[in-house]
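Okay, so subunit A shows up in both of these, paired with subunit B first and subunit C after.
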Partner chain A sequence: MSQFRYISPKTKEEVLKILEEEKSEACIVAGGSNVLPYIRDKIIPPKLLLDISGIEELNYIKKNGSNWRIGATTTISDLISSKIIREECNILCQAAEQFADPLVRNKATIGGNLADASPAADTAPPLLALDAGLEVESKGKKREIFLKDFFLGPRKTALQDDEMITGINFKSDSLNKPGCFIKLGLRQAMAISVVTVAMVLEIEENRVKDIRVAMGSVAPIPLRLFNAEEFLKNKHLNDDLIEEAKNKVYEEVNPISDIRASAEYRCYISGILFKRALEKLTNQTS
Partner chain B sequence: MSEFKIVGKPIPREDARAKAKGELKYADDFSLPGMLYGKVLHSKYPAAKIISIDTTKAKQLPGVHAVLTARDVPHNETITRFGQSAEVGKGFEGLYRVLADKKVRFRGEAVALVAADTEEIAEEAAALIEVNYEPLPGVFDPVEAMKPGAYLVGEGDSNIICKFGCSQGDIKKGFAEAEVIIEDTYQVPFVDHAYLETEGGVAWIDEKEVINIRVGSQVIEHFRDVAEVLGLPHNQVRYIGTMMGGGFGGKEDITVETYLALLTWKTKKPVRLFYTREESILCHSKRHPFIMHYKVGAKKDGRLVALEAELISDAGAYPYLSPWVNLYATVNAAGPYCIPNVKINTYCVLTNNTFTSANRGFGAPQPNVAYESLMDELAYKLKIDPLEIRRKNCITTGKSLSTTGQVFNTYVALPEVAEKAWKALGETKKVEDKNKRIGRGLAIGLMSYGRMTFLHDTSRCYVRLESDGSVLIRSGIPDLGGGQVSLLCQIAAEELGVPMSKIRIYYSDTALTPLAGTTTATRQTYMSGNATLKAAREIKKRIIQKAAEMMNVNPEKLVIGEEKIIVKYDSAQYLPLLEVIKACNTEGIELFCEAQFKGPFTMVPDLSNIRGTIFPDFTFGAQAVEISVDIETGQVEVLKLVTCYDVGKAINPLSVEGQMEGGSIYGMGYALMEEVVMEKGVTLTPSFSEYIIPTAADVPEVEAILVESGGGLGPYGAKGIGEPSCSIIAPAILNAIYDAVGVRIKSLPATPEKIIRALKKHYFEGR
Partner chain C sequence: MEKQQFDFVGKDFAIKNVGKVTGKEVYSGDVSIPGQLYAVVLRSPYAHAEIKKVDYSEAEKMGAICIGPEDVPDYLYNERIVSIPDKTYRDRTVLPKDKVRHVGEALATCAAETEEEALAALKKIKVEWGRKWKPLVTLEEAMEDEAPPIHDYVYLGEEKVKIKNNIACTRDIEVGDMERGFEEADTVVERTFSTPRIYHLQMETKSAVCVPEADGGITVWVTSQGIHNVRILLGNIFNLPLNKVNVKRVTLGGSFGSSIQMNSITPICVALALKAKRPVKLVSTREDDLYDHAKYPLITKLKVGAKKDGTLTAAHCRVWVEIGGHNIQAYPYLGCVAGWFASLYRWKNLKYEGKAVYTNKVPTCAMQGYGNPQINFAVESLMDILAEELGMDPIELRLKNYVGKGEEFWGQGPTVRSIIRSCGVEEMLVEGAKLAEWEKRTLPLEKEGEIRRGIGVARGFHTSGTGGPNPGETIDYSGATIKINEDGSVDVLTALMDHGGGTWEAAAKIVAEVLKVPYEKVGIYNVDTRTTVFDVNTHATRGVYCGGGAVKYVAEKVKELLLNYAATLFKDLPENLELSCNHELGQAVIYPREIPENYKTLGEIAEYAHITSWGTLAYTATLRQKNCPPCFITHFVEVEVNTRTGEISIPRAVILGDSGTILNPALWEGQIIGAFSRGLGFALLEETKYDLKEGKLECKGMITDYKIPTTLEMPKLDNLLVRSAHTYEPTGPFGAKGIGEAALSSVGSAVANAIYNAIGIRFYELPITPEKVLKAWKEKEREESQERVGDKLNEY
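For the complex of A and B:
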């Protein structure tokens, strides 16, 4: 393993200052569940490791009225053990519970999972379905990036070299309860997703009043399925409609073939999981 | 029967406490002052000419102590052996090449070695070695490699390294008599051993100029092979074997020992070398993939009349243990069935893939997939119950193996285990999910324990009763984690009437412990168990003889137990063991013994038609599963798994159950998810993120049913269980998938995608 410089700042301000100075020379690490394998595989060249896992001010889950805020270094285990997430934002809890295994969940953070920008990141689809935004900061500057605009490609994001994700926010609206996350992996734990779906849905008299749906591992980035959403809005749900909606899904996804599955299988499964999410949510709300 | 005090009891193993507390020192938990770090440079091409190797820059790097290539190896080419002492002839010997010379044969082949002050420097130095390759086309498919004119992997004039045959009856006549014939081709993939502990160790030179290698190895007898590579006398290389974090056949060949020996010999410093997980997957042996073409014929009532099979296996780039593995496959090819007309042909072929060698089951699990799938197909075709068709055809006591004709004179438990396993599935589970279908599958099988009899196998053990009544054992036995070491302690404790806490054992050291032979071939309970039994009984005999004199009774009236020598049926009359020991020591009666146990010896068979006794004995078993298949996603969940074997006698039932449960899950991974994917010799599954094995969360309810017939050749009638335990679960799962959804998966692993492609043919056509 190569030699790295390592700093573990205690405050966010310190991190931002170092980022301003070091820019792309710095690599932020929190749980290390992505960064350490990248170092071993020489995907990350030797540079400055900026360990933010000890920064207390970035670890929080807050709900103020209908406004949710989750700090960037909140671990996946923190999400699972949060009563308020379980009771009022269960879709995120479902995703967290299917994330890797307990050891990784204790280390991996929600900010890191998003910043890694893997098409298979398990927290991305539920947050896309929640219409989340990212709080992004650099020295003396704050901005917000919608999650749907954040992913640019595999391991590519809209973050600038001197920026870091400090938190995630989203609003509770009529769609958010309860939400559904389904993951298809090749085993029961430590499975990199073959396909995932996250969906929130509001039904009124068997009519789709509103819907947001996102999928993982079906495109170069975690994907919001806007066309499928639009197609379903204001329509009465029945089996024929669901079959038609699956065709919209097939048009929108653009998966690759890799060691885990072929593009054809992923495409087929995206339709199945989409249908299952719809069925699950309509059964729960009706 | 319950005269045993320690044998047959589910007691904590000798190694349990140290392992539970994390105190056991595995190969990796060891270092020496001034130790260097070794690194291997692996070939980046699967097939290429080596034009030149320039090590100048690597040698100039500060902190580098040695950079070695083939030219620096005294005897770079020797012969693959695995601990056997009998001459077996050319048919089984292959080239063992330490470092690639002139030509590389697989991606990951060792090309050069480095020793440096730190692991980082060693890695950097390896990267500085300039190898000028000229890529060659290579051949990656064994069927292609068999054809005349194919690219030649090695230096010989053919890629076929062995061809075995086996036949009985008249195959033409057999098929003419058949009323139903089924023919099909089955394929099984490369798989990895996936042990927790990768290959590695530490070597140093002691004050006697002996190269000591402290390493996890299933075959410490490789000290001879390492000595021959270095051109040293055998007694100048010493293996100190450690408890292993899994072997599964992957530590049966030499792993890193020659590299360690060469680096320490050149630098005169201690050297440490461990494979990373990626190196372990890329560069070390895999289980043989097989293409198996089968044809079976039966009468309408389900009676088998003919079986013909052609097996082709991929040896990868070097022979290693391929001939042996293929011999096992040939002998197992007709399964545990009585079939009057049989013809088997097996070919093993070199390719430019990663080499294949021993992997738990050693050639038995592969044909089991084929014949047990076919038996199931036959059952469905003839509308006969899966249990019934097996009962109708399976070998019973006094019958013989349909490949070699070896006769079974001891109890053949097949009908019993088949019925027990099938019935133990109990009531069918109810599932709420409308997309899930439940299915059940059964498979039966047999597998040898103990090495091939023409290898003339032996094992030795030394036992000493100390003057305070404690016991010391020395045995060369390597322990893979299966409880091999503890087993010997249990036998000595039982025989000498002392508690387990009074036994101390030294194991797996070629200089100091009597050689016990390899921990392979499911042989240690049988071989070293018997050697220990023999040594302990010899000492017991002397103790009892002395006690009889002291008590003035007939020695036959005395038994030993609880540290006393007791008169049978009169426990009030006894002598403390200590007193008898004292008397023996006073008179100079030897309370130590090194005993050797010999397996049955036979001649090397005619390899074109292998007949007669090849193995000392077999273990019989059955496995049954209940699974669910999701008809929309193809996902399989194993709901219940039953494993039932006649283990002869379970010396430690906890260890036996552990083997049966672990073996089942090992086989379940083979059935459902494991595959080392190679594309033109390039491994696409180099880590545990791509090469997936079952996790704890994937393990179903496992019920282990032990049948104890007492009919084994091991101590107290024990049979071996290590390998048999994993060898038939895969076809049981395939049969359950068929039962659930009517789809026959003919190539492992049965992934969700393969199942869904078979179920939804119309959807996938044209996509």
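For the complex of A and C:
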């Protein structure tokens, strides 16, 4: 292993200051569940490791009226054990429960999952479906980035060198609709997703009033399927329509072949999971 | 069947390696010696390349001790010396002299005061490469006439052998007259099957620590399934007298067969220690380990003939195995595959042709079954295909043809055979069918819906050890020293290894049972080669039957000594004395028969022997078992196939095992369940895939992308039934045979048969991944819709 410097600041301000000074020399470490394997695999060169896992002010789950805020270092386990998440934002709970295994979930953070920008990041599709935004800060500056604009490519994001994610927010109007998350992996735990789908759906008088769909591992980034959504809006759901919508999905996805699955399989499965999510949610509402 | 009352055998007690539970256990990587250096290994980035020069002068300037190809002995060896020397192919040196033969092959090494320094020094080692060849990744490429030779010459025993077309070795066997057998057949079926290379993924990666001693000898702590073979090999390689090499037994963190041979890092560590004249420690990383060993794959072309009534008449079995860059005994592997094949069913006339071929991949070795799960997949799949052709129930066909009691079993290839004396095959098939509700089975055509459920059966076995009336090509004996201490406690000193399957507990129970000493009073420890007699290895499911058999033999000798000595104290004859366990006293007691109240405890007797300077009640001996009884297994597996995604789940399984008397019931069940889990990996998930251009592992040595099943892939506990046959092996210790490797042998076959029953698609290649299922399902749907169109057209 190579030589690293390591700092474990206690406040957000300290982190932002170090980021300002060190810029791309610093590598934020939250749970380390991506960073450590990257070091091992020599993907990350020798750097300053900036450990933010001990920063209490970034670990929270808050709901104020319909406004939700989740701190960046909130772990996947924190999501599962949160009562309000389970009861009022179950789509995120479903994703968290299918994430890795209990040991990894205790370390892995939601901020790290998004910042890592893997097409397979399991919290990304539900948050995309919730129209989430990211609170991003640098020394003396705050800005918000919509999650849909955040991912630029595999491991590429809209974050600047001196910026960090401090929190995630979304509104719960979309949560009045039931939501679901389905994951297909090569095994039931500790599996990087082959394909995932997250969907929220609102039906009124048998018509699709609102729908938001996002998928994982089917494109270079976690993907919102705007075309499929538009296609279904205001239409009566029936088998033929769902088949047609599946074709929209096939047009939108653009997966790759890797050790876990071929592009053809991923493409085909994306249609299957899309349909399954739709059926599951319509069964729940009817 | 003999009914016996046991005090200890068949009961569950605390495990002997308590440190495993408390975290205090010392594995080879935990051993630390004052003044030790840390070693790291430089591994080849190329699959097949000439090494011109390894220059480590810069690394030495940093203070590191380095070893390159020129520093290691010229001696060619095979790291697995279980076979007799004449049947052992030797093709490797401690580090390759002329070229590397697979990505990840060690080619230089250095040691320094800390691991960091060693890694820094390693970066300074310069390798000058010569010619590079395109890696030979597949069997077909490797056998082509123009293919570059991976080895020019190797040795078979003392004979120099030229390697042609990269064929490492072949094995052809004929019994009866195959041609005539096929002529007598009413039905002939022929198919080709293949099983993948998979990685052992034992929890502990390989490690070694070596101390050069003042007398010129060495002491080594190693990850190993057989410390005496490591001693002999190290002595041969480094030209040391065999009493100057002391190999310490250290607890194993699992192995699945990957440490039958001496691990490749062991002599590297020794070479460094000898050069440094200081202790050296070498711990493999997981990446090192994934590039070090894999399970033998197998391609099988199998043709079988049968009469209308299901009687088999002939079989032709051709197998190919690509073994990677070195030959870790593919010759006995080919022999064993032949043996498992020949012993599954009464083929009557058979011909077997086996070929092992070098490729530029990680060397392959034994893993849970030594070819058994591989050939079982072919045979048990084909038995189902044959049953369908004949219109017979698969169980009926098996019952009609299986090799059972009174017939010959090939325990380790064609040269190690013995007569089967205990057999639970029929009981397991019949009782298993009831438990699994076999009669409710429907045909694939009768099923519908998105998720289809099917049930499959397959049976298998493994040998219990490699003994036989004639020694054959395989070395097989074990030994022990057993001594009674002055307080009546007992020590068992044996090199017999325990991989975690309960071999120690079994041995301790056997001693307790013979000497009637409470189980807790029998100690069994990590010893070394210097204080123990030879034990070949814990492989071939021989731990209980052979290792335990030897321990029992020695314990009986100690008992004889004890009764003779006690007779002098009782002023009686030994045959008039009774030895039994007094559970209230927690002691073995001896008394004149019919007068139990006149007992003396074993502690009193041993103490008396001590204070009167009579001596120690102890005995040392080795024993070779003269049989290789099969332990049988039967799997009934239910699967659910999702026809939309190709996913397969296992809702239920019924598994029956025949191990004769079961010494450790809980651990026995654990072996069956553990093997089932890993068998599911073999059937559905696992494969070390290679990139064809560079010959690298696609998972890059990382287990993130080498997946084995988790507990969630298993049926829920209530749906996993494990049962034992009611058998007694007359030649085994207290009637016992083995279980370990048998337990895995038919998992893959049963799963494949169940998948066929669920969706009517036969898979010939493992693992059966969701992608393969989906693809086959789509093809089937297409064909069926075409057929329907065709039918309609015909109607007009």
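Keep this in mind: the second predicted complex is superposed on the first by the 282 of 286 C-alpha atoms of A that agree within 3 Å, B and C clash if a C-alpha of one lies under 4 Å from a C-alpha of the other, contacts with A are read in each partner's own complex, and residues count from 1 in each chain.
In this text, a residue touches a chain if its C-beta (ideal position, glycine included) is under 8 Å from a C-beta of that chain, and two chains touch if they have at least 3 such contacts.
All of these numbers come straight from a predicted model, not from anything done at the bench.
In the superposition on chain A, A:Met190 contacts both subunit B and subunit C. In the superposition on chain A, A:Glu230 makes contact with neither subunit B nor subunit C. Contacts of A:Ser262 after superposition: both subunit B and subunit C are touched.
By the document's definition of touching, neither partner reaches A:Glu204: not subunit B, not subunit C. Look at A:Glu144: by the touch rule set out above, it reaches neither subunit B nor subunit C. Once the two complexes are overlaid on the shared chain, A:Glu57 sits clear of subunit B and of subunit C alike.
On subunit A, the surface patch touched by subunit B in one complex and by subunit C in the other comprises residues 1, 3, 101, 184, 186-192, 259-262, 265, 268-269, 272, 276. Residue ranges on subunit B touching subunit A, taken from their complex, read 119-120, 632-633, 635, 673, 677, 684-685, 689-690, 692, 694-698, 751-753, 756-757, 760, 763-764, 767. Contact residues on subunit A toward subunit C in their complex (touch as defined above): 1, 3, 37, 40-41, 101, 184, 186-192, 259-262, 265, 268-269, 272, 276. Every residue of subunit A that touches subunit B in the complex is listed here, in rising order: 1-3, 101, 184, 186-192, 194, 259-262, 264-265, 267-269, 272, 276.
Residue ranges of subunit C in contact with subunit A, taken from their complex: 116, 119, 644-645, 647, 685, 689, 698-700, 702, 704-705, 707, 709-710, 712-713, 769-771, 774.
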